[in-house]
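Please find the structures below.
Next, two complexes with subunit A in common: one pairs it with subunit B, the other with subunit C.
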Partner chain A sequence: MSTAIAAKGKSLWSDAWIRLKRDRYAMLSLAIVIFYSILAIATKLEWVASPWDRVVGGAYAPPSFDKIELWGGTDIFGRSVLYKVIQGTRIAMSVGLVSSLISVPIGVTFGAIAGYFGGWVDDVVVWFYTTLSSIPSFMLLIAITYALGKGLTSIYIALSVVAWVGLARVIRGEFIKHKTRDYVVAAESLGASHFSKIFKHIFPNVSHFVIINLSMQFMSAIKAEVILSFLGLGVQGQPSWGVMIDDAKLELARGVWWQLAGATIAMFFVVLAFNILGDALRDALDPKIK
Partner chain B sequence: MLTPMFQKLITTGVACLVLVSLVAGCTSKKKDPPNTVHLSISAKLKGLDPVNADDMYSGIQSSHAYEGLLQYHYLKRPYVLTPNLAESMPEVSADGKTLTIKIKKGVLFQDDPCFKATGGKGREFEASDIVYSWKRLADPKLTSSGWWVFDGKIVGLNEWHDESAKAGTSDYAKPVEGLKILDRYTLQVKLTQRSAQILYALAMPFTFVVPHEGPEMYGQEYINHAVGTGAFKLQEYDPNSKVVWVRNPTYRKELFPSEGEAKDKESGLLEDAGKPLPLTDKLVYQILVESQPAWLSFLAGKLDLSPIPKDNYSQAIGSNKQLNPELAAKGIKFAKEPQLDITHTSFNMTDPLVGKNKLLRQALSIGYDDVQYIETFYNGQALAAQGPIPPGITGYDLAFKNSYRVYDVAKAKDLLAKAGFPEGKGLPPLEYITLADSTSRQSTEYMQKMMSAIGVQLKVSTYSWPEFQASVKNKKGQMWSFAWGADYPDAENFLQLFYGKNGSPGPNDSNYLNPEFDKLYEKALLLQDSPERTAIYQQMVKIVVEDCPWIFGSHRLNMALTYPWLKNFKYHEFDHAKAKYYRVDPLLKK
Partner chain C sequence: MFVYIARRLLHAIPTIFGIALIIFVLFNLVGGDPTLQMLGKHANAKQITELRHEYGFDQPMYVQFFEYLKQILTFDFGRSYATKQPITQMIMNGIGPSLTLAIPAFFFTTVLSVSIGLLVAYYRGRWIDRLMVIMCVFGMSLSSLAYILFGQYFLAYKLGWFPIAGFETEWPDRFAYVAMPIIIWVVLSLGHDVRFYRTALLEEINQDYVRTARAKGLGESKVLFVHVLKNGMVPILTNVVIEIPMLILGSFLLEGFFGIPGLGGMTLDAIHNSDFPVIKAMTTVEALLYIFGNLATDVLYSLVDPRVSLK
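Right, the complex of A and B next:
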């Protein structure tokens, strides 16, 4: 007797997860990202590396294993470099997170309406983001931080303003592709509104691009924060990897290498992890590469 | 994606750029004569107009093109004034109120297109040029930061200033009673009262001589030009990166001094005695805001002279306080001299919060540890200041101790509570304005650390040097750090920083105003150097210290390294045009 075994359909997400799990580097990267995130949260809650501005030794004490604070040596004022590196994680991750939270909705909305409606709406949006992206992004970042005053808030806003363009482009392209597909036409004939078609029907089918983009966005935001802080346009009075590298510019003459090492190692791993993870996510989530 | 056409365009563009820069690089290298002096400045420039040369950087630059009636002897110590554009030292009348100044004949302004009548050839300098230049200092439209040197001192000049301000335009043709041209080469200056400092003023860049043709032709752009009688002519000017000066071919006959201090002869400073100045054909100033590039350029032999940045101190100077053997082997010389200066953090006295709350200012002053700052930022090579007057100037009192400069966190917190902000509660973050380079950021961090230890938060804004100065002049911000170097060897130069009438845009940057202080200041102005005047100076110091418009910082040491091929370097506190005495020996520089 034969029974029809209804093969249980796998969703895009669970399918992607299975494929992602097979990629060892991706999983390692994910673990690193999770580790940094936990570290950032723990720092925010003052569980670790707090207070960072306490004097733990003499000025420019080299790394030693006597005390955990001294593992990374000390800076010009005798503060723990290890603590500063950990606190820098908080700043870097928060910049990535906040700028993504602002730029993703902007990118999705603009990309969706441009792709979906086409015509003059599309023209306006495309003109707008092309103009924006024609300005070298660092010039724009610097201009915005000058206009808004220096500090973390300005960095959040500046990065968000710059970052949504890439996502909007991708989403627009996908919407153009999807809007004539059968399921959308079917929804339309059942009387679905524009809003419902955009967000209920099409968006779930292109949302994996947001995840891929998010991972890349995080990475570039972290890099941008470091560069802006290095240029003196970033965070003020808080530990940032960029500020530490700026310090190193002077200190290396004294043979003090530990701030540079601490900041670059911390930055290297998180940027690398986000990069690998981003690639792996694209491979896993893009149905065409199956 | 780029289209092929675009790619081609870009490739061509890049190729062109590379070519242009190569050509430019080659030509500029080719042009440098072997005796070129290479120096650096650590701040961007705001302009070359002498009437606004209130900072050391623009003062030095404008002094290459412009000259004053007097100058300081390059070698003699203590510092003495000698005639420069003046034929001889001014004759002072018995009552001290009239100066008769004879000027040198045959002195030419540098050739410049602004001299239209002569087809670009510089004309002869005459007494009327001095009157014109000093009126510029009083011109309200130019908002000179140096007006204070003549404010209230020359008969009729204040009236001219006030009338110009009222009318909205300045009438340079209108005579000023106190500035009388006796003949083409003689000027008579009438002072409102006897002044002990007036002669020093004649050697300050503010009073340097500008021909009227220059400002008339260039207008507001004049800050980017330099037309004077000086030893050097401007060749290239980029206020953000480079200034190049070349020998002024029409410079008058001015000779290297033939006498100096006793030790000058053995140190070879008199070898060029009697030779015509300038000794070099070209002066190249690189603007290097960050200390490390400047230091590395010096080590590479691209700069002839360098200060020692704080992070390179141990690299340069050994524990025996002598130059490290590695540098000594290159023949590099090390000179260390106490500077007549004071670093300080100003409070904005016009600010409704910090300006009106003396206890708050005193609390912040006590809560700031300068001893540790000197150790961290000056490698211990400075003296913690107790008041505005540095050692080496009459009026400095070694025994005087400022009770608000004894670092004491508990006492600072106590005063803060008395000021109405227990533990800093209720006190908004104070706006602290500072410079954008790395060392300034570190020193700002130090300030933040000190302040947060007593419960005070700072809101930091960073600027470039010209922007920073503009912000201070516009009374923005509540606190900022500054240094003042003496313009002349008289304590009055430091005390005038607190004189009410010298408020912004003048040198009283904190806009401190205390009638009692002003009265004493005005009284001291009439006195010559005497125990009586010194006593008044010390009384004024006590008033300022109690009112605390500044957190007094330190008096620094000037530390300079020079390569053996740079000849005739001698530390000079006031002479901004000293590069005209420098000589490079091309044989030693190989």
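Right, the complex of A and C next:
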């Protein structure tokens, strides 16, 4: 009956999931994030809030419950504010997703090879990211979007360039710690290549830092996109929350508050959710805090 | 000490060179022809040639790069495209208004958030602590634009407590114009800073010396405000000092919204005008300030904390 005696080992992931499930606020935040994601995908597929630029009422009609399009009122052209907010969700989530998809592989690779190989490789990588992070990130975002030209693509690239540094720092530190551990030495003595040691042996042991980083990355990407679009450097001709807030700047004096309220509230809940989720993930996944 | 500073300065050279390289590549190579951005889509060939010549964009790349390095070393960034003023002069003029806003704002933020941090560390785990943490997270999640628009619309426009926007160089009147931006700055930063100081102080509370202090019969307030605060000064000071050089830069959004002619407002204007030389100069200046700010932090660190060796 040896199978009965051997206690079933729990992986870091299932352990973390159990801990996360116990945290009510974290689960609620996760639900909010999933809701926004589904909404974003549905908008992308044109299932909801489409077409957003259709005229649904008079200019600046206040919110009313007559029709679902009018729940958030209308803007200067009589377009539905609710639809614009939902379209803004698509842009915000896509900015978080795309900038993560670009920055995570770069950050992990550079961090891993710097920490693993050390020596001059490390010097070069560290020099590169210290230099990059010496330019205050907001100014760097502005500089990149200015150089690349306005638009969503520039925002994706700018945010990725800024974001990979933080992850690379963490991953490098972890690789320095892990590379001399017994399991890595054992793998080496079995003839594992550098590539296999880096990605097959060490990386799975530090990959939880990627997840912790991801939540924060989404949050700062969403915040940055709103400000860049607000400044006119970002999204053009699409209803980003930042563009909506920019419009609202002049509308407020005429008593039109719903465009500002819609964009701000939508942004508040998703940023709040990522904030709480990020903290909870750190508590659940970082073995040091256990 | 002198050797340490000298060595750190020496270390800064490759970083400064790297910054120059990155900014040059970004602005002069990646961005394509800068004159097109400056003149817009409807420029004619003659205008383009003239502007290219005026700013030296018709020179070979390496000549342009050396020209840029020379600009950094002499701190002379040429003239603005939009205002035709020397950029160095514009930067010098902007520092005063930026600091008028930034210094009081930073002072009040730090005093308030350290005090609240101490308070919640004292009541850790109790309802007031939890309430504060929740308020911090909520405050951090609200867009900074929302705070600014709320302040400008309600407090200034509707209630008329403050001027809506503007600036006055004369001294007592200056405060009237920066008062609300200062308040908004403090409220904006409080969420993050309180959480930061709370964590820093709570880390100290679990140290051995705190247990010793309690064991010899000291009261909780004495432990917290004398022993913990003294040791907690190290992370507090780091956080404070690292931000000081950044204060000169002011705040883009606040200066832009409230019409304060500081460096942040100047950068925003440059973005709106596609003022290539100014954006490039500001990026460079900010990066240089960051590096020297970091250097100052490390030096100060070593003075405050004897555990930090000067190797």
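Everything that follows uses one rule, which is that the second predicted complex is superposed on the first by the 286 of 290 C-alpha atoms of A that agree within 3 Å, B and C clash if a C-alpha of one lies under 4 Å from a C-alpha of the other, contacts with A are read in each partner's own complex, and residues count from 1 in each chain.
As a working rule, a residue touches a chain if its C-beta (ideal position, glycine included) is under 8 Å from a C-beta of that chain, and two chains touch if they have at least 3 such contacts.
Note that the structure is a prediction, hence the values are computed from the model and not measured.
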item: Room on subunit A for both subunit B and subunit C (clash or fit); value: clash
item: Partner chain(s) touched by A:A147 [first = subunit B, second = subunit C, both, neither]; value: second
item: Partner touching more residues of subunit A, whether subunit B or subunit C; value: C
item: First (subunit B), second (subunit C), both or neither touched by A:L250; value: first
item: Contacts of A:G232 with subunit B and subunit C, given as first, second, both or neither; value: both
item: Contacts of A:F268 with subunit B and subunit C, given as first, second, both or neither; value: second
item: Touching partner for A:M216 - first (subunit B), second (subunit C), both, neither; value: neither
item: Which of subunit B and subunit C A:F77 touches, first, second, both or neither; value: first
item: First, second, both or neither for A:A61, with subunit B first and subunit C second; value: neither
item: Partner chain in contact with A:S134 - subunit B first, subunit C second, else both or neither; value: second
item: Touched partner set for A:L260, first subunit B, second subunit C, both or neither; value: second
item: On subunit A, positions contacted by subunit B and by subunit C; value: 149, 232, 249, 253
item: Residue numbers on subunit C that touch subunit A, as the complex places them; value: 14-15, 18-19, 21-23, 26-27, 30-31, 37, 137-138, 140-146, 149, 153, 157, 246, 249, 252-253, 267-268, 271-272, 274, 279-280, 282-283, 286-287, 290-291, 294
item: Sites on subunit A touched by subunit B in the complex; value: 53, 59, 76-77, 149-150, 232, 236-237, 243, 246-247, 249-251, 253-254
item: Touching residues (chain side subunit B, partner subunit A) in the complex; value: 290-292, 295, 309-312, 314-315, 376, 436-439, 441-442, 444-446, 448-449, 452, 458, 460-462
item: Parts of subunit A lying in touch with subunit C, wherever the complex brings them together; value: 127-128, 130-132, 134-136, 138-140, 142-144, 146-149, 223, 226-227, 230-233, 241-242, 245, 248-249, 252-253, 260, 264, 267-268, 271-272, 275-276
